[in-house]
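Provided herewith is a single structure, encoded as structure tokens, for subsequent inquiry.
Labels run A, B, C and D following the written order; every chain starts at residue 1.
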């Protein structure tokens, strides 16, 4: 099978963001999605530190320390952008005004619980940022992650063993192996990568998967 | 005795507003206070419909229907003015950022309960506006009213018979007869108008009054 | 491409059904979306629940909607005015329901809807008739009343300028309830004096970001 | 006359006592009031409770305050960063208390303090470790957590321009927590790049009205 690399995975997520959407891209892997938004679509990127209409990274030397994204990286604006304060920014999130957020994850459970902020390791310094707000706030919560841990264990699990970010909040999971919808009756495989059968995905994942008519 | 007329009463209230204060003037009688603010003091008038820095009435023909006060009268701005939306405006009020509000009243009780929005008459159409927010929000709630009803009854009462605007919220009452502080141990007469003795004021008012050292 | 510009007030309100809950911006006449209300009257929707600070003035705008008997219920802070005769007549005839809310609580309940707050405690109205039957709680040294958000199906808002994304700026005290109502409704329809090119509004000075707006109509 | 301009950062923070609760604006370094923090370090106040989104980056600003061991407790959403070494060391040594709050809840709690809201219900963090021990309530079809305001004795805020009333405008994403912290503190001290004549800021575009500001310092 042909696992997706980080950029292929980002491109796969980007393909599903329709024209006109307002999207928040989580820090880290999800930020890559911005580089792969299909041409011809007008998509507005929200960053929780108070801006709608985030543009690409500035050219070297043109960075502005007052214009950054939630990952504290320098960004630019696109036409139509606006600034607002933090309470207004999270009002947008919590008030369900964002069409999509894309988050990384340590684990997603069969009911759509999300764990992405803390491994629960006793010496880890906890840090949550805006993840819990995004998880309950966005109309559609998309997760992108590697399907398996480095040890080969499925990150899609019966029940999260890491501390939760949000309960029953994930709508769809994009991994380097498959696209899977979280529905009230379980996990539906929307597609798998070239050369990966449903059965093999089922074996790697462990928890029960359903086959969609459209699944590869 | 020399009862104060409306303008004298407004001037008496205005005298007590220190330089640098932020003040909300209730609809009706309290609005007159703006005309009597002592020269040389910089006082910022807040209007709950979203403006700080209200100026005088515009010259005839210069009214702007988009620039009004809470009484829906045309106003102007002074330098330093700012606009904001209604939730922010009432956040200022409720969050105790206003130094003073001046409200009219039907009744004030001996513990500082305020009744100024509804006579309780069965056929009256009730309307509260921002009075309840101002009553709980301003750092100092000043009431200005006639001391007696048309029937000669005291509007300072043991217990309000009209529906309350706020409980234990009034700090000071200015009437056409006297200035009275509401304190935890009762009503203290700060001053009376020329020719009105404390004893006569006590007789007219009914509820127990205390005499301040400074009272006339 | 995002283009929220709609050709006419008629088109902008065409889908509002009977029984809808509608927020109308404005404080008195300042900020009242009269062109959209006129289109709503012509459109014919009935049994509406209206949220506004007042209950109409004179014979235009909200007062005209009242006069046409399209309003089943109004939530407001200050219905009684010298020229609120259409509301007064309906109220005295028992033909309209009134929910009276202190103005700051009204604003905060609308703001809570837009910001996804489930409920909040406010000191306003504690111990008064307007808090009767409401849950209360002492927090610190103050008594509070529990208040819930006010959501709406539609918000009809008047702003000054807009771009095709629906970014808005207002004019003076006509701003009032516009920004919070825009965020609290499922579908926000805005009438503006002027539409401008995308990028023409200063990002630092946009008051309502386009995320809260679904339709924009330029009114002449 | 109202004149909130103060001559120096030193003068602006001179009265901050040991044990004070202080909000610091900024998201990472954007909007962090470094000159005021430097003055606070020089001033010497200890045992501070700090509210900020982060817990310091590198060796300047909040990180320097941490390094100087002036912070007893920090309330923030995201302490762990590649360059948060001063916080990390204090935390691992058990020398600092951490209250971790989801970012939107942090912002809303600060906003609630400024707006006089006693408490509010938010869906954020329901069912997670960060809501453990907190009161919950089902409202409609969602579970919520009860959250309380965060007040402060002082807010140290960075803005771009101010007038003598303390009216403020910010610059780009450096706005972040400034406006809500300014409203939540008893005494708000602002460092700005530029001071302007009263009347020079557009009333439509002022982000923080001067009512929320006590002191303004121009920093060169």
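Please note the rule applied: a residue touches a chain if its C-beta (ideal position, glycine included) is under 8 Å from a C-beta of that chain, and two chains touch if they have at least 3 such contacts.
Quick caveat: nothing in here was measured; it's all calculated off a predicted structure.
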Could you run down the chains that neighbour subunit B and subunit C together?
-> D
Given the two chain pairs A-D and B-D, which is bridged by the higher number of C-beta pairs in contact?
-> A-D
Chain centres from averaged Cα atoms put subunit A and subunit D apart, in whole Å, by 29
CA centroid of subunit A to CA centroid of subunit C, Å | 35
Per the centroid of Cα atoms for each chain, what is the distance between subunit A and subunit B, given in Å?
-> 55
Shared-contact residues (touching 2 or more other chains) in subunit D = 108, 111, 115-117, 122-123, 170-172, 203-204, 207
Multi-partner residues of subunit B (each touching 2 or more other chains) | 51, 83-84, 87, 90-91, 93-94, 137
Name the touching chain pairs, please: which are they?
-> A-C, A-D, B-C, B-D, C-D
What does subunit B use to touch subunit C in their complex?
-> 47-51, 64-68, 72, 83-87, 89-91, 93-94, 118, 123-133, 136-137, 163-167
Interfacial residue positions of subunit C with respect to subunit D in the complex = 108, 112, 115-123, 137, 139-140, 142, 144, 148, 169-172, 202-205, 207
Which of the residues in subunit D come into contact with subunit A in the complex?
-> 27-31, 53, 77-81, 84, 87-88, 91-92, 98, 100-105, 107-108, 110-111, 122-130, 170-180, 207
Which residues, counting only subunit D, touch subunit B once they are in their complex?
-> 1-2, 111, 113-117, 163-165, 167, 183, 198-199, 201, 203-204, 206, 209-212
Considering the complex alone, what residue numbers of subunit A touch subunit C?
-> 19-20, 22, 42, 44, 46, 51-53, 77, 79-84, 87, 90-98, 137
